[in-house]
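Next, two complexes with subunit A in common: one pairs it with subunit B, the other with subunit C.
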Partner chain A sequence: MVRLLRANFARLWKTKSFWVCLILAFALALANFLSTYSVQPQCVEKLGRELMSGGMNVVLFLSISAALFLGTDYSNGTIRNKLVIGHTRAEIYFSNLVTTAASGVIMLAASWTGVLITGLCLGGKLGMPVGEFFMYMLISVCAAVAISALFNVIGMLISSKSTIVTITLVSTFVLMIGAAVIMSMLAAPEYVQGYEMSVNGGVVLSEPEPNPSYVSGAKRDIMTAVNDILPSGQFVQLEMGSVHSPEFMPLYSLGVLAAATAVGALAFRRKDLK
Partner chain B sequence: MPRIFQANMFRLRKNRIFWLSVILTALVTAAVVLIDCLSIRGDVSEYALESCALSGAPLVQIVGAAVIILFLGTDHSHKTIRNKLIVGNQRGGIYSADVLTGIVIGCSINAAWLIGGLAGVPILGFWKMKSAEALLYIVMSFVGTVSLSSVTALIGVLIQRKSGAAVGALVLAFALIMDAGAVYTRLGDKKEIMNGVYVNGELTFEITENPNYISGLKRSVYELALHVNPLGSSVALSNCDLNDPAADIAGAAFVTVFVSLLGAAAFRRKDLK
Partner chain C sequence: MENVLTTHGLVKRYHKFTALDGLSMNVPKGSIYGFVGRNGAGKTTLIRLICGLQFATEGSFTLYGMESGSGEISKARRRMGAVVETPSIYLDMTAEDNLKEQYRVLGLPSFKGISELLKLVGLENTGKKKARNFSLGMRQRLGIAIALCGDPDFLLLDEPINGLDPQGIIDIRELILKLNRERQITVLISSHILDELSRLATHYGFVDKGRIVKEISAEQLEKECRKCARVSVSDTKKLATVLDTFGLEYAVIDERTADIYGEISITKLIDALKNAGCELFSVNEHDESLEAYFINLVGVGENG
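Here is the complex of A and B:
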């Protein structure tokens, strides 16, 4: 497996799409930060939060890079060569998982580096306790690894490169938009208050009324759990600065990683490679 | 061109990905609409089915773009495109047939989405808006689809690598959704806002100008950007808020014609290797 990893990383360093995605992840995070800074210069006082706000962009670039990287193994027929020279299917699966996860963490680090250096040069401060900041970094890294595991399942079980790319990207959009929709639904207040005319002609606040858009009961519990467990939900929570249960999130990501890898590795063992 | 289009349709009828997408779009939409309807609290007569059924309009366009790119990309990956030229077909004819096929794919998925949205009829009844307005909304959903399909077809025909075309088309569709959403939100800012101020310990309200309100030439540019964006009308549809359908139709028609002419000209000069 060490030789497979070496070969994968040697290929990764020479893959143009990986470098393009890496540079875009770096540039977009920096551009977003500078755009926020131009409107709100005081954002450098909360650099920790700014650093955590680019996770979803990294997921998008990771999905493109991972899908193209994994699809090449099938389109070039390399996967069969690996089997022919004696590597097991499990080794191939895990080496691809490690490579994809590593590329995700590298992109995440690249997106942080540009913002951190620029922010510090502008006299920025972390703006949160160091422990909390490292906790958020851990959540981001674990979520990136978990989402890489999901991409790896798609990349290892589908033989057509273009289909891998399409399904990975569509899944990413669905995960991203779904997480944002769930987050906005959960953020709706339980009661809403409007304005009404008072008897003396002034405008006063009306009595609070139950908000029909408020999600309650079992549906709220399910939506909260889904948003906490899915890596995309974790990234959206980090981006919005309202993390629900930070201490459990790395564990949820490990759960997603274990479940996706178990399903993917078992299915890949039985896959007909033609 | 008619023969190439017929051949494309023949291939489409046998395409598993196309049928799977149509069926899944209808089923997933039906499931989402049913969950939405079942989770309504209080008096269901206050709710309109169209607000649940139309909420997924932009996402359906992404599904359509994905299927179009996979279908058209096969022509390049199987080298069929050169065979079509060798037997005497014109490049303009091939391109037009591909654009029309893309539109058929997009419209089929759009129709499946609209049908899936009817799953809430037993709970909420049919759409509450007037028939003419409902028809306009349905037409507008197809107008946006036609516009995006022509853009996707351009990418599918001009980029020879199927995976590269898939990345290009899907990222573009996503960027268009994000752009349409941002522009639509900015245009939705109210001109005047009400601020609560404490005067002598008493809360009073005053109406002030919204500093974020876009006006003048900048507003016209924003409106134009929304009308020519193939997903602009989809974002408005998902909020059941079509303000200027005539401008949306004109914008979509302009994009469709312009992109198709541009694509045909570029495809005529393309080296097919």
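Here is the complex of A and C:
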């Protein structure tokens, strides 16, 4: 597998789409930070939070980069060159997984680097305990690896490059939008404060009323669990600064990685290739 | 004779379609094995199975003595190179970068030998030109160069001359002959362009409907191919009537040409044709072609 990893990384290094996505991940994170800074200069005081806010952008660029990288082996037929000379399917699957995950982590690091350097130059501070900051970094890295595993399943089981790109992008948007919707539903307050106009023209507060949009009971537990387990949900929580169960999130990501890889590797093992 | 590849009743089914139906064949070491069959006969399917791209529904094969079901088959495949259907090359890389990538996949310690390989396939002057800008022939030669990385003993080429121009066909033919003669590489070459195959192959395997109909050496085939007289006449319909009266076997090639098998008296034929109002332009001794042999063997099917 080391041979395949060497070959994969050499190819990744020469792949234009990877570099374009890497530069865009870096540039977009920096642009977002500078845009926030122009409105709220005090944001540099909470640099740690700013660093964690660009995870979903990285996922978007990773999805494009991974789909093009994995799809090329099918569209150019070069996956055959690996099998013909005796590499096993497991070796091919895992080497692609490692390469995709590494490219995700590299993009994440690129998005942090620009913000960190600029923020520090602007006199910024982390704004959170170092331990908490490293925990958030670990959550981000694990989530990026888990989402890479999902992209790897798509990229290894579908033989058409254009279909891989389409499905990967659609999946990314579904995951992003789904996580944002869940997050906003969970953020709805349990009670809402009504306003009433008094006879003398003033405004008085009414008794708090139950919010019909509030999600409660088992449905709330399920939605919370889904948002904690899915990498996109973890990124959205990091972005909004309200991480539900940080100590478990890396474990959830490892679970997603293991489940996706088990399904993908088993299906790829028996897949008929052309 | 030692065999590089032996297949035992290989069956491959795709849902209800049977691509290979108990195919058994033997590829002798050092041979150029012409794998002959119509489109859809199962040639590419067999090559996919040997290369590990697909799995047989039933049956097995041995490659360099290693059973297909065993873990050892991966080791045997390291002695193999293949070009399956289209050449497997990275289109956004140069010829040299493509070979370097394959060297890495093989785990070779250095890039020594790449310039020799490029020279061997005639791509030494392509410089920084990307493979996507190569002609079909150049891509095919690059595909073969990639298959040759790691010095394989056995080369599988699936329809390597499809779509090539005459010069491209000659280049590939000479390359295959060179590899076989100078490097003693065993070559399995599938094709339905029989005339071209007859210039290369030392052994043949005729496949039809997923089964081997016959395996034969080129030497034996030459002996079995019947001699015939190729005649050129003004009207082959009248010729056919005359030949029917003689009770001779024949094959009409076109409106003016036909092959006559068996002993014929030219004098009697001329007289009979003259009486039938048919003019005889020429008579030449002619060997039955590989194409005719193949048609005799498998019959004229839906594609024929």
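Note that the second predicted complex is superposed on the first by the 270 of 274 C-alpha atoms of A that agree within 3 Å, B and C clash if a C-alpha of one lies under 4 Å from a C-alpha of the other, contacts with A are read in each partner's own complex, and residues count from 1 in each chain.
Quick note on the criterion: contacts are C-beta pairs under 8 Å (C-beta built on N, C-alpha and C of every residue); 3 or more make two chains touch, one makes a residue touch a chain.
Since the structure is predicted, the reported quantities are computational estimates derived from the model, not experimental observations.
Chemist: Evaluate whether subunit B and subunit C can sit on subunit A together after superposition, giving fit or clash.
Modeler: Because the two structures are overlaid on the shared chain, the partners are seen to fit without clashing.
Chemist: Examine A:Ile64 and indicate which partner it touches, taking first as subunit B and second as subunit C; both and neither are also allowed.
Modeler: Only subunit B; A:Ile64 stays clear of subunit C.
Chemist: Output check: A:Ala187 vs subunit B and subunit C. Expected answer is one of first, second, both, neither. What do you get?
Modeler: A:Ala187 contacts neither subunit B nor subunit C.
Chemist: Between subunit B (first) and subunit C (second), which does A:Leu205 come into contact with in this model arrangement: first, second, both, or neither?
Modeler: After superposition on chain A, A:Leu205 lies in contact with subunit B alone.
Chemist: Give one of first, second, both or neither to describe whether A:Asn81 is in contact with subunit B, with subunit C, with both, or with none.
Modeler: Only subunit C; A:Asn81 stays clear of subunit B.
Chemist: Using C-alpha centres in the superposed arrangement, which angle lies between subunit B and subunit C as seen from subunit A, in steps of 10 degrees?
Modeler: 80
Chemist: Please work out whether A:Asp272 is in contact with subunit B alone, subunit C alone, both, or neither, and reply first, second, both or neither.
Modeler: second
Chemist: After lining up the shared chain so the two structures overlap, which partner does A:Thr163 touch, if you call subunit B first and subunit C second: first, second, both or neither?
Modeler: first
Chemist: Pick one for A:Val174: touches subunit B only (first), subunit C only (second), both, or neither.
Modeler: first
Chemist: Is A:Lys219 touching anything from subunit B or subunit C once the two structures are fitted on A? First, second, both or neither.
Modeler: first
Chemist: In whole Å, what is the nearest CA distance you get between subunit B and subunit C after the fit?
Modeler: 11
Chemist: Quick check on my understanding: which residues of subunit A belong to both its subunit B contact set and its subunit C contact set?
Modeler: Subunit A residues touching both partners: none found.
Chemist: Across the complex, what residues on subunit B touch subunit A?
Modeler: Touch residues, subunit B against subunit A: 17, 39, 41-42, 46, 59, 62-63, 66, 69-70, 73, 77, 162-163, 165-167, 170-171, 174, 194, 196, 203-205.
Chemist: Would you tell me which residues of subunit A are touching subunit C in their complex?
Modeler: My answer: residues 2-4, 6-7, 10-11, 14-16, 72, 76-88, 270, 272-274.
Chemist: Show which residues of subunit C lie in contact with subunit A when the two form their complex.
Modeler: Subunit C reaches subunit A through residues 14, 48, 51-55, 73-78, 80-82, 84-93, 97, 100-102, 104-107, 146-147, 150.
Chemist: Inside the complex, what are the residues of subunit A that reach subunit B?
Modeler: Contact set of subunit A toward subunit B: 60, 64, 67-68, 71, 75, 161-166, 169-170, 173-174, 177, 195, 202-205, 212, 215-216, 219.
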